[in-house]
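Chains: A, B, C and D, in written order; residue numbering restarts at 1 for each.
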Amino acid sequence: MKQAAILGVTGYTGAEAVRLLHRHPNIEISAITGHSRAGQPISDLYPNFAELNLPGVIKIDDVDWRDIDVVFACLPHGASQETIGKVIDQVETVVDLSADFRLKDPILYEKTYGRSHDFADLLENAVYGLTEFARPELPGAKLIACPGCYPTCTLLSLAPAFDAEMVEVESVIIDAKSGVTGAGRKASDSLIYSQITDGAHAYGVGVHRHAPEIDQFLTYISGHETLVSFTPHLIPMNRGMITTSYLKLKDGYDIDALRQVYKDRYEDEPFVSVLPAGEVPHSRHVKGSNMCRIGLFEDRKSGHIIIVSVIDNLTKGSSGQAVQNYNVSQGWSETLGLTDIALFP
Amino acid sequence: MKQAAILGVTGYTGAEAVRLLHRHPNIEISAITGHSRAGQPISDLYPNFAELNLPGVIKIDDVDWRDIDVVFACLPHGASQETIGKVIDQVETVVDLSADFRLKDPILYEKTYGRSHDFADLLENAVYGLTEFARPELPGAKLIACPGCYPTCTLLSLAPAFDAEMVEVESVIIDAKSGVTGAGRKASDSLIYSQITDGAHAYGVGVHRHAPEIDQFLTYISGHETLVSFTPHLIPMNRGMITTSYLKLKDGYDIDALRQVYKDRYEDEPFVSVLPAGEVPHSRHVKGSNMCRIGLFEDRKSGHIIIVSVIDNLTKGSSGQAVQNYNVSQGWSETLGLTDIALFP
Amino acid sequence: MKQAAILGVTGYTGAEAVRLLHRHPNIEISAITGHSRAGQPISDLYPNFAELNLPGVIKIDDVDWRDIDVVFACLPHGASQETIGKVIDQVETVVDLSADFRLKDPILYEKTYGRSHDFADLLENAVYGLTEFARPELPGAKLIACPGCYPTCTLLSLAPAFDAEMVEVESVIIDAKSGVTGAGRKASDSLIYSQITDGAHAYGVGVHRHAPEIDQFLTYISGHETLVSFTPHLIPMNRGMITTSYLKLKDGYDIDALRQVYKDRYEDEPFVSVLPAGEVPHSRHVKGSNMCRIGLFEDRKSGHIIIVSVIDNLTKGSSGQAVQNYNVSQGWSETLGLTDIALFP
Amino acid sequence: MKQAAILGVTGYTGAEAVRLLHRHPNIEISAITGHSRAGQPISDLYPNFAELNLPGVIKIDDVDWRDIDVVFACLPHGASQETIGKVIDQVETVVDLSADFRLKDPILYEKTYGRSHDFADLLENAVYGLTEFARPELPGAKLIACPGCYPTCTLLSLAPAFDAEMVEVESVIIDAKSGVTGAGRKASDSLIYSQITDGAHAYGVGVHRHAPEIDQFLTYISGHETLVSFTPHLIPMNRGMITTSYLKLKDGYDIDALRQVYKDRYEDEPFVSVLPAGEVPHSRHVKGSNMCRIGLFEDRKSGHIIIVSVIDNLTKGSSGQAVQNYNVSQGWSETLGLTDIALFP
């Protein structure tokens, strides 16, 4: 039984980690931290956990790292690297859900996140944990950097086409829509129910921090420098994400060839479904599950393709993928702790 | 005082026409039709109208056309042309909110809507009522074909760039998101609350009927054959629409030049706002109003532009624009009956 | 033309006052205050106001009271009395939307609101502005205390029965449900979308501050000391309120007698509708309007009655009633500025 | 391994039964029926089930009852008794989720449901499956009638007080609020998103069919004829239910005594939580789980008590309790298949 610490439970990814790990057969939750709530039972924050037998919330400084095998770091970027820098040598594995170890280039990190990277030496060996494409590097990994929710949803839906070099790489446009939990649990008047319900808006247009992360992976997998167009929107749902990607196939390829590549690539994947032709994925059909569902469509414009992909931003887009990565890193069955199907309706 | 008949009040565009026209200073609602609800007071359908002094719902065949100056036809396509074909000679003006007279080419109509056009002779003189671009043709028009909600939101946000020939016309990709009233008031189990709330999905990918309508207008205004990529999504809000368009500028143009064109074009428009640089439009800020709000953004990719546009699909996207068109056709102030600002929060 | 100052526009009742007053034919908005937003245009807070010609947001201390005829005070309780105490002699009329002048007894105020009342001398002449029952006192009133949203919805639905002495006064139980705008525009993590959507809860059970206000009025109108049971709930809608009241009729009365009393009492009221037998009121049918809709029902238990009442908490429950009160106080038509019907769907 | 047939999967309680049973360790789903969808895979109805290995949807007449140990009947009332009457002798156990076997008196059934009861002889031995109060009768039961969602939420929150004879039985008023899945999966224009979102209303005021069911149980457990006042409301959330009950204690009892009775009664229950004084239950904290959470409050009025109770209407209010009942009937651990905690946020 591995002993886990979940850091940063005041945020929703921390809470989702608790929800998933509390019944993981090989993991025990030994410590839960949350700076502003230290000293409280976790059920003060999340009454749905009241019936579980969980440790109380403490401060990070009060964790006894000798008891911990694996850290799930659900902290804001910046805070995450500072903590991980301190504890990485004291534990077996760190699974980081923040942005701190996703970008390989510390200069790009600094440009994107507006602060220097203080643990750049850890970047090289950090595994970028888009699980389906990280299996060779995950076993025994010391530090796993889980992708952002937007990159996860986008990359699962684009990577096979890029890997197969079927795409004009400069053509890619990604229009993303996220549920509100993606914005976190912040006491901000722009996030209160009355400001958010029954309306939608774009944000971070042309400047969102997840774009360089998408570039990095597509460049890596295709071998061609890629710069995507990426625009996220906030829509009035709680969990869920949908990315609609527009791209141009290289001459000689068509939707059937593309679909075959996806079907082959994901055939044995427990958490990725390529839908039959004509079926559109709905975010509501993955809510609370670790599934990614992908639909491939031909546009009216010859050679143009539309790919729609949905995940639950908190599960596959965050804590679910973190658990999946840890399962692979330990050589366990990949689905341990992740067998919930979506709660629908 | 013009006497109006509103046809098809069981649908939401009919209801919105009632909401807007009942206090229009120059119009009196003389007849309201609704096939399945004939014989009932309209407040059985829309209790919010209970305090108004409105005629009861009747069948179309029971309208006395001699009393009617203007018809607002809020019928499904097909049914609309059949009725309009019969009554157009008996009334002064027909404002059609259906798709029946939007496409100039009856063959394209047949291909798009899956039925022949039986009144193709009316197409030539039907005015395509995207008001801001139809002013020369509207005065005295006999038949006004109001644009679809998606085309309205899209075209207002693209037309100035196309008109100025600043755009690589083959580059245009439109990702649209609509509130659920856009799907109408149909007793379908795919529209019930439990199937729709807290989730999102694309639909009509690559095949939506509003795409040819967008093509037609952009081709007309730019003088270049245009075929857009258009993908609509249904999101869990009631009223509201947002279109996010991706396009490439021709060499020599940039975001500043583009913004200036939009500002100049819409400076005196009462119902179109070009937002200051950096401000994103929210659909919630136009709910119940006839406004269109447009934000222009530079992408990370050099020469690429993102344009975000919001309307209320039932107001500017439908009945509001219908009233606006009629106001112009009569030479009245364009804002008569349309002075509601958005209901927010 | 009366010159109005709207104080406290950062809150939703202030915003609603702007929405209603900006097109009131006899009122001009001369000053708008908002402490934390002074120096900004109001459209920074409420982009839906961007197209209106409104003064910028200033601090209360920067209002030139010599220009002001009427103050609409949309401030928190406490802050409201402090400001009103200072300015009441400098303006013609103060319409207070806070709780500060609703309770006639300063000791009850202190007990209920946890602070002393510093302007108790103003209480005697403050008119409790439940408009339909305040008409004799409103003309020429100096200080009008608008009822809370819960009391408005409740009292309109109970007052005729109490006035007619048909009710066992000790039997009254009120179960209320409010939309989230009723909680105001506070940056609280308990109000963010993700904590509120798709769930409901009671709050303030047995201790809500609006209960003494309801008691006071029912005691006054019935002549019998009344202590109600009142339990509010927060439900996931934006605007709207529904109160369901349970009461026992005195011997000799029945539902028909009760309905007749209500019909007679409200027959000529522009903003109160008593629904036909069997019709239930929906909060969605009053959204954005100043209407109160009331349904009366017989329970299965002999002699027991259920009364359901709906309003928009921001309109009739707050700023709409404030405008209505001011209209009456000036001897104007009561519906000036209040002719919007509900925005539905 | 018991072989189960789930009848009526086109409705939401059928779908929820699939969700819960597909990973029950002692049960295999052998047959799924759905009249209008026979011949389709279940994932056509519920794409979230696409990755499960489930039998296709068939008609009831096509079930081979020899393969079936237990039937979960998720059919409408009427249809349910007709099917159960036919198959009850061919299978070991029938768990009925409809209203057909809840009321012991066939005359009351006929009066309440508007049709005769054709299998009244089965009523006597049908176990009314409010699990926490049915344990003595459940082991080996042939026919289990699961309570309605409203009765479940209400009775769990009232039964201990009635059992302890602490309540003035004639005083009880129950104000209930349900999410929209409670209305089922019906293609009705009154249930479409646009008619339901962002508003609330009462329905079935004074006449709802669940009231006699509540009466029957409270009468049984208290030994005193009880007739409750019960008013349900539909509010814009998907899953979830909240009942707020108002009652008067008999002389000599107070809130502390009451709370002690509840704590003692539910101490060892896995699915009922009595909250600490002052904590209100939220429906969102039981979404997707089988929990019932109960808060007890003293009213301002001496001797009056308010009890608030929440469940997920589809889980504890329907299919979850059905599984729980079957677990008890088989002598298994009561929590088998029911270990999901709520999906929050």
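Please note the rule applied: a contact is a pair of C-beta atoms (placed from the backbone, for glycine too) under 8 Å apart; a residue touches a chain by one contact, two chains touch by 3 or more.
Everything numeric here is computed off the predicted structure, so don't read it as measured data.
The equivalent interface to C-D, defined as the listed pair sharing over half of its contact pairs by residue number with it, is A-B out of B-C, B-D or A-B. Chain centres here are C-alpha means, and the one lying farthest from chain D is B.
Centre-to-centre separation between chain A and chain D, using Cα means, comes to 37 Å.
Distance between chain centres (mean CA atoms), chain A to chain C: 46 Å.
Shared contact sites, meaning residues of chain D that touch two or more other chains, fall at 12, 181, 185, 194-195, 197-198, 236-239, 281-282, 284-285, 287, 345.
If you check the complex, the residues on chain B that touch chain A are 170, 173, 175, 177, 179, 194-195, 197-203, 205-207, 211, 227, 229-231, 233, 235-240, 242, 244, 246, 280-285, 287, 295, 297-301, 304, 306, 308, 310, 345.
Of all the residues in chain A, the ones that touch chain C in their complex are 12, 180-181, 183, 185-189, 191-198, 236-238. Against chain D, in their complex, chain A makes its touches with residues 12, 15, 19, 22-23, 46-52, 181, 185, 197-198, 238-239, 270, 273, 279, 281-282, 284-289, 291, 293, 339-345.
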